[in-house]
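Some structures to go through are shown next.
Same chain, two partners: chain A is paired with chain B first, then with chain C.
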Partner chain A sequence: MTAWKDSAGGRRVMAVLSSRPFLTVAIVAAVWIAASFASRGFGAYGHLRYLVELGAVIGLVAAGQTFVVIAGGIDLSVAAIVTVSAISLPLLSWGADPTGLAPVLAVLALTTIIGLVNGLGVALLRVHPMIMTLAMATFLQGLLIIIAGGSAVTAENPLVHWLGNARPAGIPAGVLLWVAVSVIVLTVMHATPFGARIFAMGANPLAAALSGVPVTPTTLAVYGISGFTSGLAGVLVLGMNGQGYVGIGDPYLLASIAAVVLGGTSILGGLGTYAGTIPGAILLVTITALITVVNASPGWRSILFGSLILGLLLLSGREQARR
Partner chain B sequence: MAPLLAARGVSKAFFGNPVLRDVSIALRPGRVHALLGENGAGKSTLINLLSGALRPDGGTIEVDGREVSRMTPVHARQAGIAVVQQELSLTASLSIAENIGLGAYPKRFGLVDYRELAARAKAACELVGLHEPLSTPVGQLPLGRRQMVEIAKALYRKPRVLILDEPTSSLSATETKILTDLLERLRGEGIAILYISHRLNEVMTLCQHVTVLKDGTCTADQSLEGTDAAGLVRLMVGRDPGDLFPQWRPSASPATAISVRNFSAGLMHDVDLDIRTGEVLGIGGLVGQGQEDLLLGLYGAIPARTASATVNGASGLPGGVPKANALGLAYVPADRKREGLHLIHTITTNMMLPAFARLPALKLRSRRAERETARGLAAQLGIKGDLARQAQALSGGNQQKVALAKWMPHDPLVLLLNDPTRGVDVETKREIYLMLRAFAAAGKAVVLLSSDTPELVHLCERVAVVRDGRIAAMLDRAALSEEAIVSAAMGAENRKVAA
Partner chain C sequence: MSTVSSARPAGALYWPVQARRNIGVRSLFVVVLAFLIAYGVLFPGLFTASGFAKFTQSWFPLALVAMAQAILMLTGGISLAIGATVSLGAVIAATTMAGPLGVAGGAAAVALTGLGIGAATGFIVVRLRLPAIVVTLAGSFIIGGAALLILPRPGGAIPEWLSDLLAGDTPAAFVLLVAIVLLWKLYLATPLGLSLYAAGENPVGAYRSGVPVDGARVAAYAISGLLSTGAGLFVAAQTGSGDPVIGAAFTLNSIAAAVLGGIGFLGGQGTMRGALAGSLLLSLMISVMFFLGFTPVAQYVAQGLIIIGAVAIPQFRKVQQ
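Right, the complex of A and B next:
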């Protein structure tokens, strides 16, 4: 047994088994198995597929958030950006475009620019990321209220509708989108110099700068990515929902940060992986589903949700103090 | 007369690295006692032992001739020991009066008695010639005035023993005069004073007794009468270099790698400097005179201005680290934990970082090629063990090797080194020295900032000695000696130590 553990392959297996992403996957599996015994219908294929579909929205928002957190920052404007995306898309009605692609690209460009502005504030004006993105969120919220008011806007965009409702080969289009984004994110994060720069900046910004890492462009890129993936999540949630309204993105702020941290990424930056964020996002929607099953009132649902996230983080997410 | 405060045979080590070995010192009433020593000789550690901030590993601390088994800062304060720290310990947002009284506010009905505080703080301020309104936030004062607040803060506590750690390094001539007059008066009142300064002229006029520390041991404990500045310098630096340093062979060529005119960055100003290819150019001087800003300014890490500059054939300063790297400059920082390494990342990742910084952002990495590069560097520099470990698992010497190694694949033309052997064991020091000379012999330029004077003497073609943000002296190989560097650094008259 010990000989097996000491072999090179054995060590690699042990490393995977004791890694945080794997731990999060294990918790998700345990919760699913337990819940499907406790509640009829929970373990049905349709229900699990629905959970993953819901997880896709969190997963997209958390993709950008993972980049930002690994780089040593935090993006508190993701929820507002999701809402911006979901509200401005229906407003951009371009009858000339039968596919609906042009408005989607325009909205994604807009949200990416919002992210870049966050990056400018953080990198050039040296505003703390928390302040910068929180101010951005507040600014956007005000703008949205002025533009959209209290009314919901309906999307009549074929691409968005397809994304939210189609199931090619039985798999929801949103989930396929999430898979594609995940592949790209994991490649960029772990297999390119850009990814390595982000880890270096998060672990020690000063040493990274002195090693020649172009800190300003990299910071801009990271927040730009966060704006982009939040915008993508907004498009998806609009498609699933059919309507956009002020506040539609609100649940995704805490969810995106929780998914990142549950997945083992250090909130201090410099360590982590999107491979952990993915099960982290699914774990979050699973918890939400469980709470719904319990049939509690909305107030109690929130209290349960918050407590469970805190409990899970205490269980697995506490970090060692850094020297 | 018993000494008010004394250390008997004290020793102290940090992480197994001895800083003080069997040092004794006795502070007597009515005497100004000078404590001299080079950077890193153990002066600050000795002060911390005397004031209870640190506890000795061996030996005893005595107050009024009685041994104190567990000296703490509180005991020290109760015994009337006050320390004026070199690193200013004031709170910028609090007023002068609040800073002076901090921790010892007069109370009335459990509340701070501000009237009483103001009266007592005013008395202390008058002693040091501080006439600013007492409600001025300390953050608004220039450095020299803050130092005076620091001294007033010590006087407020009515000390019997006053320890001053380089009090005049940020003072103007007038302020220095006020201070020396004050110390003279306090001495007359029977206070014991320990005075640390790098300004030998001050020491000669003010002090009666001197203790000299060198590499953590006491090399002199004697009356200052009949001693001259040259004698003090010799006591501080005289040591046997042994065979720590490689054989020195000239390798400088007339070609310049970097040339700047009228260069300013941070504390440095009006610098004219030519760095030749094939030389090791030393940067010496007391700590914090601006040497680091010179390196960082050349490297583009802090803003710099210059009338004209040529860097490896390109005109103008690089203006940014990535551009400096592209021009063939590399920088190895002094504080490797904070500035040099990513402690939570693997050794391999640390070694590859400069490559990641300059490769196309989205090119696919090859983990296998990275591992091979890192293995090659580790073999070349003698770094042993698993390279997939975190960098924090390495010893100080090996960490420094990693900080150097990461630049090697890029074949830099100019290597800027900021105190590369600080806190490094002797064997690694030797390896680093060999590497630097080999580097110069290969026709590259090395700029070696060092607080270790022998290092400068034995490795460098030339040494620029920095004082007050200027190059105070440029010493050629022929004129290079520890005495010459130390006296130029302290602004002692050159003719006094010409030997």
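Right, the complex of A and C next:
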């Protein structure tokens, strides 16, 4: 037994078993098994597939958030960017393009630019990320109400509709998109020089800059990625909902940050992985689904949600003492 | 401080030190003065007794939440639950004060709730070592849910005489603010208050020097909760009733006011007078935009731009030098 533990392969298995992402996966599995015993139909394939489909939106928003948090920042404008994407896409669709690809690309470019502006403020003007992104969120919120007013806008875009509703081989298109994005994100994060620079910047920005990490372009890229994935999430949400309205993105701010932290990424930066954020996102959707099952008043639902996140944080989100 | 000769009597040190602490916020004071003049021109009634009363009343809750946020940021913490706590204070005031508890009992309930919530948050953040942003974000759901439980829809009542006293034609808000600032000065002279800056600026060094770092931080959270629910009580008195989501805007505004006032995110940097000036600037900005006929929506846009500008320009100048 000890010999097996000391072997290289054994050590790797032990490292995986004791890692934060694995812990989060274990929690998700435990909750799913317990819930399917408690309530019939929870463990049905269709229901679990639906949960993962909902988790895809959080997972996409949290992909950019993971990059930003690892780089030592935070993006509080993701909710507003999701809304921007879900509202401006119907406004940009005229039906001239039969595939609907052009408006989607235009919207993704727009949200990426919003993210880049965040990055400019953080990197060049040296505004604290929290202020920069909160102010950006306030700004976008006002702009959205001016543009869209209080009414919902309906999307008639074939690509968006396909993304939200199609099920090639029984798997929702949104989940396929999430899988593709996850593969790209994990590769970029852990197997490219860019990924290494992000971790270096988050761990110690001064040391990273002195060691030749191009801090300004990297910061710009990180916030740009966050804008892009939030825009992607907005497109997906629009496809699943059929309509965009002001406030459609609001639930995804807390969800994205909670998914990142529940997945074991340090909110202080420099430590973490998207591999933990993925089960973190699914865990959050599961909690929301469980609370809906309980059928309580809005007040109790809110209290339950907050308490469960706090409890899960105690289980998996504690910062190591840095004394 | 080494330049001050030791031959001077102890009291003579106080004013030079205070003057030095003003350096960082001097330009802010100038901007606030300019906005005050603009406001006075747009609204000449400011210099009458009732105009002054109304103006301080619109500023007062923002000043309280700015202090609540600043005291946390000075210790290196932050709270995203300020808005929810304000709402909870408002609904508790509106449901207890007209009931058998009376005004005194209701005020005590509001104060104890604030202290309790703050202390609990502080305990979770400091002793259980969870990140403050996430704890307070989750806490805002719990606190907001509790407010919804107490008062599912706007309602309740505040005794009329209390509303008249706090939000009528009296300078009560201004007097209260002066009293709170004096209490803050007093607090800074206590051991816990003295530890506040040390705990924020260099927790490890402070801990090794015997400063009660954890105690100072938990106390800061408790005081912050008290100030937030106090702001809620005042807002309830202003509107005459309670509303479970009335505080929502205060979270962003408290952070904005504190940062405008020069409080740093890393702890130990900044002064409370700066945070108060920041909240005054924000409150003036909102009033001036109102008098210039901006729609509430355009105010959002302008507020976002002004906050970024106000924070970025001094930094930008520093970089260029």
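Everything that follows uses one rule, which is that the second predicted complex is superposed on the first by the 322 of 323 C-alpha atoms of A that agree within 3 Å, B and C clash if a C-alpha of one lies under 4 Å from a C-alpha of the other, contacts with A are read in each partner's own complex, and residues count from 1 in each chain.
Definition applied: contacts are C-beta pairs under 8 Å (C-beta built on N, C-alpha and C of every residue); 3 or more make two chains touch, one makes a residue touch a chain.
What you see is a predicted model, and the numbers here were worked out from it, not measured in a lab.
**Student:** Once chain A from each complex is brought into register, does chain C clash with chain B or fit beside it?
**Tutor:** Chain B and chain C clash in the superposed model.
**Student:** Touch check for A:298: first (chain B), second (chain C), both, or neither?
**Tutor:** second
**Student:** May I ask you to decide whether A:214 touches chain B, chain C, both, or neither, giving the answer as first, second, both or neither?
**Tutor:** In the superposition, A:214 touches chain B alone.
**Student:** With both complexes superposed on chain A, which partner does A:192 reach: first (chain B), second (chain C), both or neither?
**Tutor:** First partner only.
**Student:** Touch check for A:270: first (chain B), second (chain C), both, or neither?
**Tutor:** first
**Student:** Of chain B and chain C, which one contacts the greater number of residues in chain A?
**Tutor:** Counted on chain A, the partner with more touching residues turns out to be C.
**Student:** Once chain A of both complexes is superposed, is A:48 in touch with chain B (first), chain C (second), both, or neither?
**Tutor:** neither
**Student:** Tell me which partner A:206 touches in the superposition: chain B (first), chain C (second), both or neither.
**Tutor:** After superposition on chain A, A:206 lies in contact with chain B alone.
**Student:** With both structures aligned on chain A, tell me which stretch of chain B collides with chain C: 43-51, 133-141 or 223-231.
**Tutor:** The listed stretch with clashing C-alpha atoms is 133-141.
**Student:** Shared contact residues on chain A, chain B side and chain C side combined as an intersection?
**Tutor:** In chain A, residues 323 are touched by chain B and also by chain C.
**Student:** Help me check something: in the complex, which residues belonging to chain C touch chain A?
**Tutor:** 78, 124, 128-131, 133-135, 137-149, 152, 204, 207, 252, 255-256, 259, 265, 297-301, 303-305, 307-308, 311-312, 315-316, 319
**Student:** In the complex formed with chain A, which residues of chain B make contact?
**Tutor:** Those in contact with chain A are residues 299, 301, 321-322, 324-325, 331, 333, 337-345, 349, 352-365, 392, 406.
**Student:** Hey, which residues of chain A end up touching chain B in the complex?
**Tutor:** 187-188, 191-194, 196-197, 199-200, 203-204, 206-214, 270-271, 322-323
**Student:** So in the complex, which bits of chain A are touching chain C?
**Tutor:** Residues of chain A touching chain C: 74, 121, 125-128, 130-132, 134-143, 145-146, 254, 257-258, 261, 266-268, 297-307, 309-310, 313-314, 317-319, 321, 323.
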